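Chain IDs A, B and C follow the sequence of writing; residue 1 opens each chain.
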Amino acid sequence: MPVLVTLPTDFGTADGYVGAMKGVIARLTPEAVVVDVAHDVPRHDIAHAAWVLATSAPEFPAGTIHVAVVDPGVGGARAPVIIAAGGHLYVGPDNGLFAYVAERPDLVHAITSTAFRMPSPSDTFHGRDVFAPAAAALARGLPPGAAGPATCLAGALPWATRATARGVVVHVDVYGNLITNLPGPARPLRAGGRDIAPVRTYEELPAGGLGCYTGSAGTVEIAVREGSAAAHLRLGRGAEVAFA
Amino acid sequence: MPVLVTLPTDFGTADGYVGAMKGVIARLTPEAVVVDVAHDVPRHDIAHAAWVLATSAPEFPAGTIHVAVVDPGVGGARAPVIIAAGGHLYVGPDNGLFAYVAERPDLVHAITSTAFRMPSPSDTFHGRDVFAPAAAALARGLPPGAAGPATCLAGALPWATRATARGVVVHVDVYGNLITNLPGPARPLRAGGRDIAPVRTYEELPAGGLGCYTGSAGTVEIAVREGSAAAHLRLGRGAEVAFA
Amino acid sequence: MPVLVTLPTDFGTADGYVGAMKGVIARLTPEAVVVDVAHDVPRHDIAHAAWVLATSAPEFPAGTIHVAVVDPGVGGARAPVIIAAGGHLYVGPDNGLFAYVAERPDLVHAITSTAFRMPSPSDTFHGRDVFAPAAAALARGLPPGAAGPATCLAGALPWATRATARGVVVHVDVYGNLITNLPGPARPLRAGGRDIAPVRTYEELPAGGLGCYTGSAGTVEIAVREGSAAAHLRLGRGAEVAFA
């Protein structure tokens, strides 16, 4: 089967950035199949993109290449890397993007070889000049170890491991749901000075009702039926939550 | 040719939801080709998504599988279904999404077989756990009838049939055009207390000018040139319109 | 290899317009591979879309077909055209969209043959009825010259050529970066009554800091680190800039 290359980015789809990356991959490795994952990640929001990766990448077949570009430090000290973890390959800047999906990576290599990047990459668009060529090289079958020297991941997220009884909101999704790192099943919890009762499903909530349930990532999620829990509770990522 | 699987959803492209669905389909049926149709359907807006389906799905080749996920009742009583209608296959929640495209379905089956869904689906993300696996099963060639018992569609929309002389706005598009269920060709009409004159094309309107014409769905459409008819007339979906 | 068809549009992804175009292409030429480039071009903003084309299309392999639909004059006098330029094929309305990518086209043909459009196209949706069928015909191998009579491009943009010492902002991207037509490398410049100093990379700027550098298009770009230069300087497309 063709090799899949997924693209989670914060480029939006109003500019030429996503198209430029797709063009490079198609030019270098026509047999690769590019899959849009999420281009409307909030600009420069590494932690948001890390959660997007965590909740989408593992669903793809083993061997899929995930190219994640949320890169406010482009041109600076953070290394461009290739990571193998859990049967998948990841390509992007080492800035915390891979904190969930590569907690225990099998290997990490910096991208220095010109077989994996443009000969004279710009300092401002590594998506086009480094990460897309690296993904194209992997999709042609070049081994990650040929990209450059082995290294360790420096990027981190403060809450990338699951909590037990006290935790935090790790993600606010487009519906305004507050996704925590408290492990399911849902139980009564406190957040934003409020007691929040568990329900089995979102649909059990009355219209406008607040509750929590075990979300699709297996952790406890706080929601308002056909509303935004984030707006209702005025809470965002990093807010503390605890089982009552 | 490969089987196409289209995805109209309200997931946006800031989260991992679309990617998770694509990953499941690619993992279960690598030969399926997934086509993004519309992910920025307003959250929970079933009637909006129904119109998106009506104006896009029939253009695809016969045999295309359309997986529509706008599902505020996820985990509740609405059934997950597979529908055959007009040479196409539809997969999603039976909540009215398919009111236009499946006015007269050839067959409707509930999705109960574990060949068509995950063995233990979450209560909150049937897109990933039920609808994507069902689409993957159809794309592998399993017959819709193997998904579960035959059933009837319960979901409905109030205005899913075309009007004659009096009708309603059935869709407001991203340009603010008001699309009605009045049949073309366009004639003088009244809407929002205003008389609206027909033009042949959008481009005949002066800048900022208001008029109506026969839209691309074959019904009468109200527009303001390089502006929003919805904002100008303060009308939305469901507003009454009538030929003068 | 399969023929690629890229789609830059202002259709957004809340309606059925993108899906309808993809459906037509898949129905007429199933072997074509459609690539989403940018659907969130600001509505009716031809100059914005022209820059998107300029910064994405040339990255694709030779022979790629780029179908650009930002078409406020649909149904009016502007001609639907096919252009060959720089090894690529372009399809869309002749309204200035192709000013950068087809400064010196190899050939331009109007689309009049029914082998390249629907027999009775609507007056309001040429994306579906003219441009998608034309792209499908090209993807099947029909020559551009069979589409209709040879013609010249009438559409223009005021600043489609690069400046020397005085120039303008030609694009504001989603980050609020101001992209100019001043040629790199970056040097001190004046814009909005301010002196702006060059840095090598975006990442050299302090948080909230203003500067300029050589952008990924090879021209000088003005940015605010993790902020919007457009908002900070209150400048937009067309604003004058000059090397100091």
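Convention: a residue touches a chain if its C-beta (ideal position, glycine included) is under 8 Å from a C-beta of that chain, and two chains touch if they have at least 3 such contacts.
Fair warning: this is a prediction, and the values are worked out from it, not measured in the lab.
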Interface residue identity across copies chain B, chain C - same or different by half: different
Inter-copy rotation, chain A to chain B, in degrees (Cα atoms; steps of 5): 120
Whole-Å gap separating chain B and chain C, where each centre is the average of the chain's CA atoms: 29
Numbers and ranges of chain A residues touching at least 2 other chains: 13, 36
Chain A contact footprint on chain C (complex, rising order): 1, 4, 6, 8, 13, 35-42, 48, 51-61, 64, 171, 173-175, 200-204, 213-216, 221, 225-226
Residues of chain C that touch chain B when the two form their complex: 11-24, 26-27, 30-31, 34, 36, 43-44, 72-77, 122-125, 128-129
